[in-house]
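Both complexes below contain chain A, partnered by chain B and then by chain C.
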Partner chain A sequence: MNIRQEIRDVIEKLLRQSADAEPFSDADSLLLSGRLQSIDVIQIVLFLEKRFGVDFAQTGLDAAEIDSVDLIDTFVQANAQPARG
Partner chain B sequence: MRAAAVPTLERPVPPPLATKAWPSLRLVPRLEANTRIVAFSQTALGKLALLCVFALALRYLDNTWLLKTGLVSLMAFVPRFRRLLVLIGTILLTNFFWYENGVLAWIAVVPHSRQVVSIILPFVVLCAGLMWFVHKYRKSVLARRPLVCLLGIYAITLMTACYAPLDQSWRFTVWAFLLVFSNYFWFLAYAVSDSAMATGDPVAHQFGSFHPFWGSTTVPLPKGLSYWRRIEAKTPEDLAVTMIKGVKLILWCLLLSLVNHYFAFVHQKFGIPTLPGCITAFTQGKPYPLVISWLSIPIDILDGILSLSVWGHIVIATCRMAGFRALRNTYAPLSSQTVAEFWNRYYYYFKELLVDMLFYPTFIRFFKRNPAIRTSFATFVAVTVGVNLFHFMRDIHLAIGETLPRAIMNYPYVFYSVLLALGISISQIRSHQARLHRSWLRTHVWAPACVFGFYCLLHIFETSSLSVGSRYLAFLFLGR
Partner chain C sequence: MDLQHASMELNLAGPLFEHSRRCGSLIALSVAGIEISYAELAALAQRVASWLTSGSPRTSSYVVILASRSLEAYAGLLGAAWAGDAYVPLDPHLPIERLGQLLRTIQPVALVADEAGQKTLSSLPSKGRAFPVLTSLKDLPAYDPEKRPRLMQPEGVAYMIFTSGSTGTPKGVIVPVRAVHHLVTRMQEIYQFQPEDRFSNAYNLSFDGSVHDLFTAWNAGSSVHVVPVTQLMAPLKFIQERQLTVWASVPSTAVFLERMKMLSPGAFPSLRYSILAGEALPVRSAQAWQRAASGSIVDNLYGPTECCVFSTMQRLEDPPLITPNRGLVAIGKPLPGFEAAVFNGSGSPVPPGSCGELALSGPQLANGYFQDPERTAARFPVVGDKVWYLTGDSVYKDESGSYHHMGRIDSQVKILGHRVELGEVEAELGSVCGSDAVAAVAWPIDHGSARGVVVFHCSRRTSQEIRQALMERLPRYMVPNQVRWLENLPLSSNGKIDRAMLTQMLERESAESLEIVTEE
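Now for the complex of A and B:
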């Protein structure tokens, strides 16, 4: 499974939990548009840490950097730890 | 969903995730989704129509409607000067630079008011200096930990005001400086964070966000400039959609203000006092009957929600008319199914302030091996430290003439914040999955009622001290 699809799966799951059935594209804003909340950011952070070894204590956490599938993908490309990714 | 984004589709949209069991009921139609209306709103005539409707509604809600309408009109027709116009508007509507009217009036009644100017100037220099410093030295401690450094500066100023051997004139100056600092603390925190970024806005634009002209409390609405950049309308179509949403919100606000106006009659018509009134009567040994005492709690909260909604909608609607597609501050809190959701929907930008400044920084650094402890600890830090810090700084004027330890001892929000943190933590940890399989009645009636009940009880401790609140709670349940 490619990275983008994995990210989409996580986002889909979070949207389902919020009973949000609307479709979304890879470029759609998810946090700034209000579709996902700060509690959902936690789930995204946990996923990125576990799956790609991202160290947010080093990169800092700006929710706007993980606002869409595209942005998360770019963020992962820049910050994934090769050993775990 | 708080607000829908304009879809920017780069790839085929997948089919819907699930079929909704109940069709969503919309009181306000989605005008921004109608291509003909959006196209018309991009024309000069369309913009004028939107601005006229906005002005007519704002006239009944805000005394400064004319100036605000003038400013947003200029922004609608010359959007490339938007940031400059925000700065000008902020200066105009805060009377003297971005020095808030209320504070100015408060200081003016105190002797040595001639020193007001000598207080403003150092504060402006301090703000500009901090922003310049973090922009130039992005790896400095101030750039990496702006909140900690600002709190350090604040603490030193507070200690100086309380304990330094100063004559009366200088002590007043330091206290007045501290009041200004308190009023702008969270704006400065956002501004310093933004200035530390490579993409940060210039210092002059940052000052435009210090109590911007559309309104705010000591909570920045809507956050700082890094957020503004992301929600700012970039195309004529984007601006049209944002303005339509602004007009819709101000009309909704007008309706709510009408409800709010008549809701105030409840207190008078049915003889139901406010919760503080009930608690005062109770402490004086003349409590109201139990039914009245119980009824006063939800009515007090509903009153608060309505007032906050009306105020927040005016601010956000004006902000949207200026071209920033900000989310609403209050969004249907009574439909919340969890304590955390209510907290998110009740006063969104206050919650966001605590999340940005305290929750995220704590979450990414501590207890990384255990997600449940990690989430709970970050929530406790954000809610207990955040709520207390915020209110202590907001009400710092109450500490004037008191010793600092006594001011801290008399501080009323500690127990309230601990209860709130506990409620939010538990609701965050509980599984989402379990909630998905609930019946309609449980989802839409029972869960919101329980959440509202929790906030009703919590409201007692928000209104009174722990000892008075506990005794009042015992009275409510035991009748004595």
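Now for the complex of A and C:
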């Protein structure tokens, strides 16, 4: 499975939990638009850490950097630790 | 630096004005990429005040600040204070319906909007709008160095903050200048803030923690650094890059940072004081924050909006004072000036060590609720020769004199520090579903704080429709995370909807499923 699809799957599950069945494009704002809440952001962060070895203690976390599937993809490309990926 | 602490007795903008005369080049505010000095901010506040009072003479009134984390927001509230008016902060992202309802209730004398506020306002019909709207700081009257902040009576209104109301209508808490003056003076005595201090402003203006951030900092001649919305949840880099010395936020910030493994030991070397306030503080997260901010004092502060921000305080010690069985830091002892008592259901004091409702009395009490004398009389009763505020919080006092928070006596919950009356969610849900067979429960609960709301209904409307309708009526933090349909709602033996059983149902489900990230 490609990275983008994996990210989409996680987002879709999180949205579904919130009774949000509206479609979303890879460019749609998810956090700043309020579609996902802070508790969802924790899930995304833990997913990125576990799956791609992103070290958030080093990168910090700016919601604007992981606001859409496109942005998360770019963020992962820049911050994944290949050994754990 | 030798700075005398300014007196706030007569105006919230007084200290800003006095510092602007003595040390005007110091930075007062950093917001949205702009750094602005005491002299510049005072001039801006004075110009906003001139704009507010340029019409015919009038009595002090309410100025709505429909702005957030922008220069307009801070200039607006300081301008209102300078003019002797009260500011009313409203979130520019409120649903239109709710904003319209609030504006009709408040009948403001003017409104200050930033870009986000103007966008929201443009969706409201402007026909019949009786108040002027300030949309740009460029169009203000010229600065007049002769004009000082208007003298106010101690009982004059400083601000009004709306909180969730159990009957479905938000209630406005009216806080006088006297209360803010007392708060700021006490905070300065406790912490001895200096002009070199660099304060965070993480709290939204519509949340009264911001009153501490701003007016305590400006009283001490310190600078305020507004946390951008994108960094609110994980302000790691913000604290580091700004070299903040004073941090104040809801404990959820510490909980989230800890859970995301971002609280490395020594991560915050610049912090001197960390104030965690607005909801229950888990010991584990407080200790993780302490390791990250090893040179900082970490304090748990508690206080309802009706008692002007902070009422009790507990320092994180080693070992910490823990509320047994809850994993929480105790809420501690009343701040100087406060008197606390624990009442039973009939308004008499309980024996020491017993649980009851916390009541507070002292100079930080609000004047009451906007246009609601009945609720004011009920929640601010006179007992003996004093006015008390009945907090609705269930507490007990231990042998050391410290208070422990045991939950609520009603159905109010806290979500990221926001007060949410489940009754208000149910009232809106009932009107959307056209039925009273609805229920709202706080879920999940994490160390005494709710992370969201789950609602139940039996109507024919789809979950999607209901959620959409609620989004148009309620602030974002009150919109349910889940909308669940049940054929019938469980009833307790007295015929009321059994919320405990609904919570148990969610707990059972949760035990059966795993978190998303661990699903394979």
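Please note the rule applied: the second predicted complex is superposed on the first by the 85 of 85 C-alpha atoms of A that agree within 3 Å, B and C clash if a C-alpha of one lies under 4 Å from a C-alpha of the other, contacts with A are read in each partner's own complex, and residues count from 1 in each chain.
Keep this in mind: a contact is a pair of C-beta atoms (placed from the backbone, for glycine too) under 8 Å apart; a residue touches a chain by one contact, two chains touch by 3 or more.
Note that the structure is predicted; figures quoted are calculated from it, not measured.
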Next on the checklist: Per the contact definition in the header, classify A:A78: touching chain B only (first), chain C only (second), both, or neither.
Outcome noted: neither
Checklist entry - Where does A:L61 make contact in the superposed view: on chain B (first), on chain C (second), on both, or on neither? => result both
Next on the checklist: Applying the document's definition of touch, where does A:D28 land relative to chain B and chain C: first, second, both, or neither?
Outcome noted: first
Checklist entry - In the superposed arrangement, which partner chain does A:V45 touch: chain B (first), chain C (second), both, or neither? => result both
Checklist entry - Just chain B (first), just chain C (second), both, or neither: which does A:V10 touch? => result second
Next on the checklist: With both complexes superposed on chain A, which partner does A:D20 reach: first (chain B), second (chain C), both or neither?
Outcome noted: both
Checklist entry - Both chain B and chain C touch chain A; at which residues? => result 17-22, 32, 34, 37-39, 41-42, 45-46, 49, 56-57, 60-64
Item to check | Of chain A, residues touching chain B in the complex | outcome: 12, 15-29, 32-35, 37-39, 41-42, 45-46, 49, 56-57, 60-64, 67, 70
Checklist outcome for this item: Note: in the complex, chain B contacts chain A through residues 1-5, 7-11, 13-20, 226-227, 230-231, 327, 340, 344, 351-352, 355-356, 359-361, 363-365, 368, 371, 375, 428, 432-433, 435-436
Item to check | Of chain A, residues touching chain C in the complex | outcome: 10, 13-14, 17-22, 32, 34, 37-39, 41-43, 45-47, 49-50, 56-57, 60-65
Checklist outcome for this item: In the complex, the residues of chain C that touch chain A are 93, 229-234, 236-237, 252, 256, 259-262, 264, 267, 416, 451-452, 463-464, 466-467, 476, 480-483, 515-517
